[in-house]
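What follows is a set of structures for review.
Below are two complexes that have subunit A in common, paired first with subunit B and then with subunit C.
The block that comes next holds the complex of A and B.
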């Protein structure tokens, strides 16, 4: 009877987070004494390996598999070393929370700081475009109407326009390079706060936090509205789960409650938290197209599951988002409402654009796509296993499962420019990693009986057997981590830039007159980072499908300046199957035509300027 | 004690940000100072009143609220076409510094202020905080 009571108590308080009553005190083993210094030493060794293994990388050095081929084995060894340290600490009877927090911060640096530390400048053309939007608002104090859909949700751009003006700088370019590390770190902090309010802040919660760090391959953490609003959404969810949800999402109890339960805490705290969530929703509404709806939807699921105490909260969050869409984003939907709602219910279109349509390009690119699908599949499989284990433990798993699955409902609403699966995965992760962590944590338990918290008749395992049990978990986590490193750097041959690329774009900005046009062949250029709305800036990709007869396309559009860079060369080879040296051939053809000449050339980055003005019967084709 | 040290550090950050903005100091560090201020100070000044029991929750709330407050301030100016970023940032630093001051009070005084505030709220809403049982 007393054993049953002990098991029930362990289940209620979170089975993984309290030492087993039969576990011997820490000092009786030699292994824990070794662990006291071995764990921080291993984490330090991981940092040293990473720093020693770092090499400067430029786009010209990379092939279709991306960054991973340019990484040294010494650097790659840092990941299993750090993960081994974390797992050893997690299996201690009393894991040191500050040490685990420091290891997690180090993990964020190792995974998300890799590109900022090894590449010359910030990557992803969209990040540079955002700098241009911010600069426009900072200079004019308003958005540019009917220019870009993203200007209809300008909260993030307005925020950094305020920051840049208050800091007295012309633009926020210095923030770009390390933004992914900072934003991923803040998201990890949010995940830690969130999971600690679903599970107890012990072993399973740490594993969930680490699973997030090791499987967030979507690269939506660059300097962007979605990365910032993701942190705001996690803050709102963590606050809600701590102060406004009862019983806990993974608590023991009946699957369906008859009435809502008042959460612990004072009325003052609950009132303040509702105000805080409302403030976060107010900032989300004008800042991103999807995030406020996802937050409202997740809160609605908690309400329908009778876990959310504040019944009006999800409705108000959704109302604010719809209010901004109706009034603030009028520029966006006026005249193109069909585009907004046309994809409603068209799951196959979303699938084609989001999955099958992306499987183009050479073998290396397809391998990267398979790694991404594999990572998402692994998280999904682990989450399913975790849900099954929760069910066996008589804990509530279905609400968590529903919260993890719900973001995939976006597929039925919009293809979101082919990115909807990526966004669904990102929004699903906070709850999927909780379920997955339950499964991973079970692997650290001594026997299948312990997986479902049945009392095991066996004696506690020896330290050696405990250490052996870490090996499959270490292999799993290392595989996920290295897979994420590979997936995140998979497009770096064309999404990363060198200093020469930035210098080429700056040259074009300095020499272009108002109303002139700067063009790039593909979108892999740090373009639109300045003079937005003043100088035309575009790419040939949409006008020249497949980049067939590209020199003729340039002559037809006759831009005033043309940018040709190594990243574009790589994109053409990898994505469009063009022969190596196609950009050199293009430059030769254009200069031979007598209409263009090379005015800037640095490390393979070139600017061509038009020398012959177009005749009146040569209108620009767009 | 930790709370007072944090409040003190954030007060210094707020004052440095306000002064560097008002005096238009020409240093590349100013951008990072302003970003650190927006991320940490205004949100913590509000979030610390919640007395969150876990540091991760306290800090992610602080960052979220800080970004939200600054976003709303900036967006209001843009939507109203009344763009005064330098003045707005100085006002935000002054208000944040004022909101941080109560956290610097000695423990007993700070607790009294907090107790008074929650007592007023509890009476106004007429509910007993922890007495309600599950239906």
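The block that comes next holds the complex of A and C.
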């Protein structure tokens, strides 16, 4: 009976923070002094290996598998070394929280700082486009009507326009390069706060935090509204779970409570937190199309599970988002309401655009896509196993499972331009990693009996067997981490840029007159980072399907300036199966036509300027 | 003209709803603070009803604005 009581107590307090009641503490670790130094030394060694292995990379050096082929084995070795240090510390009787926090910060740098540290300039054309939007708002004090759907949710752009004007710095380009590291770091902090309020802030919570760091391959952490609103959503969820949810989501007990339980904390604290979540919802509504609805939906699930104290909160979050859609996003839905609501219930269209439609390109590109699917599948499988273990421990797993699965409901609402699966995975991750961490933590336990917190008849294993138990967990985490590094850098052959690409775009901006057109063959150019609404800036990709007869497409659209860069060369080879050197052939054909000449050429980045003005019989095809 | 009216109606309803819920939260916390359990005094019940009505009106105003613009 007393043993049952002890097991129940361990279940309530969480399985991770205190040694199991059946486990004698004397054999926890026999070399504490060695471990005290080994962990920080290993973490330091990982940093040294990473720094030594770093080498500058340009798009021209990369193939269809992306960044991973350009990385040195020394750099890749830093990941298992750091993970080994973290696992050794996590299996210690009293893990040092500050050391684990420092290791996690280092992990964020190693995974999310890899591209900023090795590439010459900020990547992803969308990030550069956001700079252009911010500059437009800073210069004109308003958005450009009917220009881009993203201008209908201008919260993020307006904030940075305000900051740039207040700071007297019109160009926010310097923020781009390291934004993924900073925003992923903030998201990791949010995950840590969120997880600590679902589980105890012990071993499982750290594993969940690390699983997030090692499996967030979606690259939605660039300088963008979705990255900042994701951080805000995590902050709102962490605050809600800390002050407004009772009992905890993973607490022991019946699935549905009879009455609502008053959360811990003073009434003043709860009121302040309700106000803070309302403020965050007010910030989210005009800043992103999806995030406020996801936050409202997640809060609604907590309410339906009778865990949420402030019952009105999810409704207000959703109403604010709808209110903005009606009032502020008129430009977006006017004339294309069918596109917005036409996808309701069309799951097959979402699947075709989000999964099967993405499997295009050469073998390297397909491999990267398979790695992404594999990572998502691994997280899903671990989460299912964790849910089953929670059920065995008589803890409430279904609410967490529902919270992890709920974002996938977006598939039935919208295809979101083929990105809906990616967004679903990202929104699901905060709760999926909690369940997955329960499964990973069970692997570190001394025997299968202890997975469900039953007393084990066997004696605790020797330190050697304990160390051997770390190996499969280390292999699993290393596999996830390297998979994420590979998946995140998988598109870098065409999504990363060199300094010469930026110089080419700047040249075009300096020489283009108002009303003229700057065009790129594909969208992989740091275009639209300035002179938005003043100079036409577009790509041939939509006008010239498959980039067949691309020189004829250029002559038909006759832009005033044409940008040709190594990233576009890679894109054509990987996506459209064009032969190597197709951009050089294009430049040769255009110059031979006598209508264009090369006016800028630096490290393979070229600007072609039109020398013959179009005749009135040659209207621009758009 | 109708569009402007609907915009103002939406804004007014939204602000009223937020104010109602703020007052309601304070009342609930006061009641919970003294009894340490979830109770709904008559004032809170009335405000809940008012909030539901306001939310329905707000939703209707939102939909009306969209329909009025599109049709």
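Here is the rule we use: the second predicted complex is superposed on the first by the 612 of 622 C-alpha atoms of A that agree within 3 Å, B and C clash if a C-alpha of one lies under 4 Å from a C-alpha of the other, contacts with A are read in each partner's own complex, and residues count from 1 in each chain.
The rule is short, and it goes like this: a contact is a pair of C-beta atoms (placed from the backbone, for glycine too) under 8 Å apart; a residue touches a chain by one contact, two chains touch by 3 or more.
All values reported here derive from a predicted model rather than from experimental measurement.
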item: Subunit B versus subunit C as contact partner of A:271, first or second or both or neither; value: both
item: If touched residues of subunit A are counted for subunit B and for subunit C, the larger one; value: B
item: Touched partner set for A:156, first subunit B, second subunit C, both or neither; value: first
item: First, second, both or neither for A:587, with subunit B first and subunit C second; value: neither
item: Touched partner set for A:214, first subunit B, second subunit C, both or neither; value: neither
item: Which of subunit B and subunit C A:333 touches, first, second, both or neither; value: second
item: Subunit B versus subunit C as contact partner of A:142, first or second or both or neither; value: first
item: Touching partner for A:574 - first (subunit B), second (subunit C), both, neither; value: neither
item: Touched partner set for A:175, first subunit B, second subunit C, both or neither; value: first
item: Touched partner set for A:323, first subunit B, second subunit C, both or neither; value: second
item: Common interface residues of subunit A - those touching subunit B in one complex and subunit C in the other; value: 259-262, 266-268, 271
item: Contacting residues of subunit A [partner subunit B, same complex]; value: 137-138, 140-143, 154-156, 158-159, 161-169, 172, 174-175, 186, 189-190, 192-193, 196-197, 201, 228, 231-232, 234-236, 238-239, 242-243, 258-262, 264-269, 271-273, 276, 279-280, 282-284, 286-287, 328
item: Residue numbers on subunit C that touch subunit A, as the complex places them; value: 7, 10-11, 14, 17-18, 21-22, 24-26, 29-30, 32-33, 36-38, 51, 55, 58-59, 61-63, 65-66, 69-70
item: Contact footprint of subunit C on subunit A as seen in their complex; value: 259-262, 266-268, 270-271, 274-275, 278, 309-310, 312, 315-316, 319-320, 322-323, 325-327, 330, 333-334, 337
item: Residues of subunit B defined as touching subunit A within the complex; value: 17, 21, 24-26, 28, 30-31, 33-35, 38, 46-47, 49-52, 54, 56-57, 59-61, 63-65, 67-75, 77-79, 81-83, 85-86, 88-89, 117-118, 121-122, 125, 127, 129-130, 132, 134-135
